[in-house]
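Letters A, B, C and D mark the chains in the order given here, with residues in each chain numbered from 1 onward.
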């Protein structure tokens, strides 16, 4: 029997080594694998290269990983946010390396890694600093720059439901980088609200087929759902809404 | 004193140039105001690069869904007909030229359409680009929404960008608080001036030689 | 109001010009836009370049289009089948040009066209006749060949259901080339069993979002479904099963 | 007379080398026999390149679903846990190295792992390649299932392929009716011989110098 489910987040992140490249899903809060990042911090691996769209907010998640000096390098598109003080401080102090990648090139480079593409010509970034030193070519009257795949040792991301074969479905814009990061990592780890019976996910709607997924861990239903139905009552960070409050 | 319109007036002006049925991406910041100005009863499909077509307005009080946000990480809703997709598909859509219009902010726009909107090149700034470069090169029409002048009074319309570029020759039209300008190989063309503005005045403000469209 | 639905297949294929490049979905019979191909034959455009996985079977579909000498060139991966006599004859007589492309390169070149990729390095075909004369490069210790996008004027394909925005869902392995061909053609035309109300397709399960789709035409429910439920009773070609018969 | 096993025996032999949990693509023709030989009660996930994981056996009489076919265009079923995807995703899966095993037929396999299985190079033949080249270079292990000898008695195991190649150095192991051979930089290595076959006999049949594995 194939069973990719693991019981706890500690098992889900077991074996991540110092120096590993770790992809972390999420776009802002949506799709961020909060529990897996916490488990990674607990697990202790350091000298990591993190591939993610952002470089952490506030003092939790990737920011907490950064604060503990576990990260050597960040590959991302948008490290600067209103509350990205942890990354900001480390970057200014020269304590973390940054590879800035336009968001679409980041996504396509991850996809290329998963799809066995050796390199591709993209029009994004042509004529900008972010293409400096890169091979450029005119094809059919348009300029392109050559970009290479980004592979990872591990991908950590969040999905809505999974089954024991590792098939996954997502929810709304929390889908973002999860499905492609799963294809690009040697070990792809998904946290899900719920593990469901094999065969209960609609085969037409599975977004990440199990072939890409190595471990699935259930972390309980997100706070703004009740038995799968949206009930709201939270801030954008998913925290309970105090009376009259609506966080931006 | 030249005539200036405010941001919501400018958003409304931009909205009149977006035809029904268009697929549109509204960049972070001021361009999001265009959403509120789109004509009632017309269907225009909004794209957000974090994986959705058919984006609707901000949800009602207490109905924030942390899984449903726009590229500016603000809560949004989904309209009937919406579809979700992952980041590679979303940016494929952009890069592949499927968006009819995107509206972006700018630090500088050069008369040949070069855009600078992601970095002022300040040495101590944290660089961050997000999806700006993909939007700049992807949409069939790239509109810029901006004040004509910086707070210091410098012109954002320039002969050549001095800030780091976002995209080369990508901007088709610039909507400013003073008027609307088309980029062209031989300089900005004045498409429309608001209120009492004259070409001569704008030429003086910007230091550019301007032509009628 | 956005309304991409058209009433008949004649409207669906209107405006296809002589010399056009036409992508045709389907893998064997599955997903083949039978009614649209018939309408294209009726419509009369000639000197076509056809991009499809196969080059026709029996005397219907692409084979019929070929038999009427409407096709100048076929770009496909597998033109040889047990019943591909029409293509075979024309090809041997030098009356149709063939560009043979490995199936995965065909799919990826179509996807590249839709996703704005200028060219990509693929390991498929390296060292074979099908890479002859193509640019080759060693990346990270592996050999790759450079392949370019395939764009089309029109894509004709079959889906299960669509709405007036052009959102589409597919059925089983009939999905095959439809979703990617839609992205690579200036005009993408889908035949569907049924046009449904806007908002009734699950946004998590839409496979081809309407942005890629220009025309949707309903052709009625496929013969092996009844109100959306599989009932069988057909041959592999979708023809009614005679008593005791089961076509291979 | 050397010992030969039949195709279903050979399929069974191949099946023993496929571990539970493997993602496997079985090529058109004889390799599909391996599906029937997979051990009961073990889960092995079959991929078909026309867009499905979790492929099940041929449907019951009268239950053919024309939308549900394998790469050989034969009717199949879907197991619980199956997933559908489009062609670019399916071949991305293959090219990206996510399949553990594929089993292919062959015209010739060279000792360095070169495979020829799509064209005999006959000048009047209609060329057709399908997904063979993608499978050849994509799977982690590429098994070939074939008779050792052609009907004319020539060896399909060769020093160098004379037929047009499908892939370079891609075959890891060849399962023939006479025995099982691993490719290697310095020639085929004999992993197993069926019945009374000896290395000397096979060397004579193939004209190759063979080594033990």
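Annotations for the structure displayed:
Here is the rule we go by: contacts are C-beta pairs under 8 Å (C-beta built on N, C-alpha and C of every residue); 3 or more make two chains touch, one makes a residue touch a chain.
Remember, predicted model here, so these are calculated numbers, not experimental data.
The minimal number of chain-to-chain contact steps leading from chain A to chain C is 1. The chain pair with more C-beta contacts between its two chains, of A-D and C-D, is C-D.
Separating the CA-averaged centres of chain A and chain D is a span of 36 Å.
Chain B has its Cα centroid 28 Å from the Cα centroid of chain A. Once the centre of each chain is set as its mean CA position, chain B and chain D turn out to be 54 Å apart. Listed for chain C are residues 108, 111, 115-117, 122-123, 170-172, 203-204, 207, each touching two or more other chains. Within chain D, residues 78, 84-85, 88, 91-92, 94-95, 138 each touch two or more of the remaining chains. Contacts between chains, counted with the stated touch criterion, involve the pairs A-B, A-C, A-D, B-C, C-D.
The touching residues of chain C, when paired with chain D in their complex, are 27-31, 53, 77-80, 84, 87-88, 91-92, 98, 100-108, 110-111, 122-130, 143, 170-180, 207, 222, 224, 230, 232-238, 241, 246-248. Across the complex, chain A is touched by residues 108, 112, 115-123, 137, 139-140, 142, 144, 148, 169-172, 202-205, 207 of chain C.
Residues 1-2, 111, 113-117, 163, 165, 167, 183, 198-199, 203-204, 206, 209-212 of chain A are the ones that touch chain D when the two sit in their complex.
Here chain B touches chain C in the complex through residues 20-21, 23, 43, 45, 47, 53-54, 78-85, 88, 91-99, 138, going by the rule given at the top. The touching residues of chain D, counted against chain C in their complex, run 48-52, 59, 61-69, 73-75, 78, 84-88, 90-92, 94-95, 114, 119, 124-134, 137-138, 164-168.
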